[in-house]
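Okay, so chain A shows up in both of these, paired with chain B first and chain C after.
For the complex of A and B:
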């Protein structure tokens, strides 16, 4: 079997493949460089933290959701869950922050109602709403990258552009793969301890005693598993050389620069629009 | 594939000289003490095109030797090492394990612990990428390796969705992709079901047949390994070489010695030894079922096999029954499962299963990985308590509903022994571990002490009573886990893969223990895919596939039905494979060594 024939079936050009699926081209957020998606919105986030109004973060949050909806290529269920979750978070935080705000600072606003001894001031609700919308906006900006990037792609970008040593990045990826195994193991240990009658009963104390009992077997199993995985990785040449072949590259292209600038421009646009509308 | 130059110039793929390893055992103060040497003064040579099988009882240093082949011992796993290890002429001690990847490839026992990436293709590319090969070469090697193990079509899949056999074939592909000429395989099939073992050996056969590569194989399933092995090196308890030579010469010629060491022998060889003891002339000891079949067919006259025990022998062991119930009506079953369906997430693990287990049964639940046998056993024992909407149907064990019963009552009805004994240890001392179940039930202290002492004595744990359970050896942990279950004197004992990853000596020890308990009246339910074990000990076999009962009956019937076994992802036990073609119907029914016409060889018969 010749090399050319093999390459033909995998990557027609023989060049390193690029990260992630690319069916949507420029309109698909998943094809952009993970570092741009994850670190690009950070300046916008910093700016958001300094705002105190409702309109600016609300515009940013709406813009982020719009981008996710159009370019995120998420499954409809995920998108709906994100939108509804944002709304629910907004409501809960508005009221809880509203109740917790120091009444002295909002004495000049209207008293809307009294719930179980707590006075609900309109000013307090406004402060709560602003905090809630700000939080939601930050969350949406994080999700922009978070929902459209796989862990492997992020690690590739970190090692290729951010010069993170690949040993750290790939060790972290391997560790992520332990999670489903541990949750299964924890389930078995819980069942085992329950049938043996460990700390039966309800209430926080029994629960704490139960949880404490899971730690030793879970850790013993976890350490053993980690040792085995590391032996397997060593035996496959992990760490043989300071660098390794990047079969899949995470390129930093012109469109990534455009996206980065668009993030900043979008944030600035939201701020200007909010100032105009105010 | 020999090279043209003379042998003295071509170094062997692996050259181990006088290897002596003493592991560093950690001490509380951060230092270490040295373990007993194992292996101790061992020479092993692997030439191109050769498969060398390394055998020995557990603790003899087989795995240590395997890990020393690329320097993981002592460079990653701390140890004091004497002697030398060379691969392809290179001194391993002067290199680092990752740098030796192009010379030595390894496959380990646990398929789960070898997966690093999120797709089959990425996994196979991992080693060539680490070796800094050009992208085109990485992909070429990955495709060749994946095609060789039959996983090319599944290259986009997450390794987690492959079967156990599939993941181990993937590990083999990863080893092949390094292009190393020496493959070191450390118990590669110990965690697999029979279908998985077959898949892995099909690949290994093709690797061995292609020549060029050399293989060092640590394996205890000799029924599978003898067909591909050329030479055998056997280590004894002390880690010395007990014997070495061509595979037939050692396994057939020195069978008694191996049995004495506690090393598995191929079932066909065991059977022939028994026949020989019964006076049947066996000139050449067979190693495989096919060879045994030839021996049996060629024998001038075969004595009648021992009559199989009447099935089920439940009638023989029915203690604790009130005399009235033992009258004309049969005793009620101790386990009743009616139309049980259990869903786990999107999959249906157990699908409309109905089952009644009589008191005194020794029931084996068999089936491939994912057949639902562990789920069924766990629901019966109350280990798994699925949410109400995830389960339909009813389960009764000794009159209790295991989903609702109080743990204290449940431990009297049913004891569960986990695949991994560590999961069920809940205290810091061996004797507390045994006493725990009794204390939960409010048994008076004096009786607790008496019963704990009794179990410690019977299970050979008396000297270890103040140890932490996690510091016991594998076999001791297994005995303790069975002890914690039976100290409460349950009516039913359920065991999940009790011989998984154990050597012959430990497996035999455990099964003798189970047989004793069974003879004493305990109902035993074993989840297993070790078909010969099932054939030897069970009185009844239930085969599951996709959560459904495929067959239910005495072992001779279920294990003799190829269609059922194939559908369940299982294989005919080796002895049944050898006897099925015989003309005498009494001989065709022979599936167990105990059925063979011989009284003796108790040390050899498993």
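For the complex of A and C:
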């Protein structure tokens, strides 16, 4: 078995190889290049962090949710959860950050209520709302790429387009298989500790002590397993050649450039619209 | 590339995978927690530096922190933020790695880890300052927030170093760490070249 086969059989989702557009076409955000989806909105995020009003981030958040709804191809339940979550986050943050606001700076606004010794000023709530909407907008831009891109796809795009050495990329993909291995190892260590009576006793303190006792053996077992895997990889000639082929490709096409430009145009458009409406 | 042996890569991958598993629940919890109770979120931020500190303290090789966090990001991408966790993890890894890069991987004393944690903590607070509009907060709240975050970074740096010491004692990664004799010999050879 070649190293390519080793890593490919351990790929978690077993996606089909894609040399061209996947089913779903241009309207499916999942077919776009992961680098564009993850790193494309970063300039918009940096701009958002510098804003202090409510309207600009609100427009950006709405635009991101709209794109996610139309092009995200999410299950309806996930989409509803995202929309409701954003709304709930907004409400909770308005109050929690409103309470954290320095009362001295908002004394000239109206006192709305007193909750358990805390005075709720309208100015404080306005500051809280701005922070809340800004955070929600940032979160939506993160989810735009996050919900439609798996970590493994991003790694593939990094090795294929961003010149990341493929040995590093494939080490990360192989590490995904360590996770089930850890849970097996944990069972073994737990059993061994129980047999030898390590950290016996009942109650929360004994439980914490027991759990803490698992950490070092688990890490040591994991690292030793990794060393055996590395021997197997070396024996099969992993990294012998400067370049390698990939079973799953992450193409960078014209539509990816269009998406990148439209991210920036969308951000600029929201800023201009907010300035016009103000 | 020569120092990037497969054994070193996979050892970092194992530490990264363990850190990634730890970060999956943290990814789920951190966003709602940061929103509803920023004070409860502040102590969590240190979780992101345990892995890189552990890898650097155990392996003492260039790139250990960045590699570990890269793998941790890939493994912890099984959360709603998806591939974004790679970016956030890498930021932490680069921050931890920078202090050792600046000292050209010559200094491995404890103080450098803690200075690194303090500087990185300060930068992190500064970035949160803009995002959370922290200049509008009450002074007492601010002080608590900053102290909790810094304390979290310092405590997790201590924990990472402790785990590395325990692992080294168990004989893990033996032969992977450049021994002190080798380092000294290398320095002598370099001095002779000058």
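FYI, the second predicted complex is superposed on the first by the 221 of 278 C-alpha atoms of A that agree within 3 Å, B and C clash if a C-alpha of one lies under 4 Å from a C-alpha of the other, contacts with A are read in each partner's own complex, and residues count from 1 in each chain.
Just so it is clear, a residue touches a chain if its C-beta (ideal position, glycine included) is under 8 Å from a C-beta of that chain, and two chains touch if they have at least 3 such contacts.
Note that the structure is a prediction, hence the values are computed from the model and not measured.
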Which superposed partner A:196 touches (first chain B, second chain C, both, neither): first
First, second, both or neither for A:188, with chain B first and chain C second: first
Partner chain in contact with A:244 - chain B first, chain C second, else both or neither: first
Chain B versus chain C as contact partner of A:180, first or second or both or neither: first
Chain B versus chain C as contact partner of A:100, first or second or both or neither: second
Touched partner set for A:225, first chain B, second chain C, both or neither: both
Chain B versus chain C as contact partner of A:234, first or second or both or neither: both
Partner chain(s) touched by A:252 [first = chain B, second = chain C, both, neither]: neither
Which of chain B and chain C A:213 touches, first, second, both or neither: first
Doubly contacted residues of chain A, that is, touched by chain B and again by chain C: 150-152, 173-174, 216, 220, 225, 229-231, 233-234, 238-239
Residue numbers on chain C that touch chain A, as the complex places them: 1, 4-7, 9-18, 20-21, 31-32, 34-38, 54, 67, 70-71, 73-78, 80-87, 130-133, 136-139, 141, 163, 166-167, 170, 172-173
Chain B - residues contacting chain A, complex: 67, 70, 72, 76-77, 96-99, 101-102, 104-106, 108, 110, 112-118, 122, 125-140, 143-144, 160, 171, 174, 178, 378, 381-385, 406-408, 410-411, 416, 418, 420, 422-426, 436-437, 440-441, 470, 484
Of chain A, residues touching chain B in the complex: 1, 3, 6-7, 9-11, 14-16, 150-152, 170, 173-174, 177, 180-181, 185, 188-189, 191-198, 200, 213, 216-217, 220-221, 225, 228-241, 243-247
Residues on chain A engaged by chain C in the complex (per definition of touch): 34, 37-39, 49-50, 52, 89, 92-93, 96-97, 100-105, 127, 130-132, 134-135, 138-139, 142-143, 145-155, 165, 167-168, 171-176, 178-179, 182, 215-216, 218-220, 222-227, 229-231, 233-234, 238-239
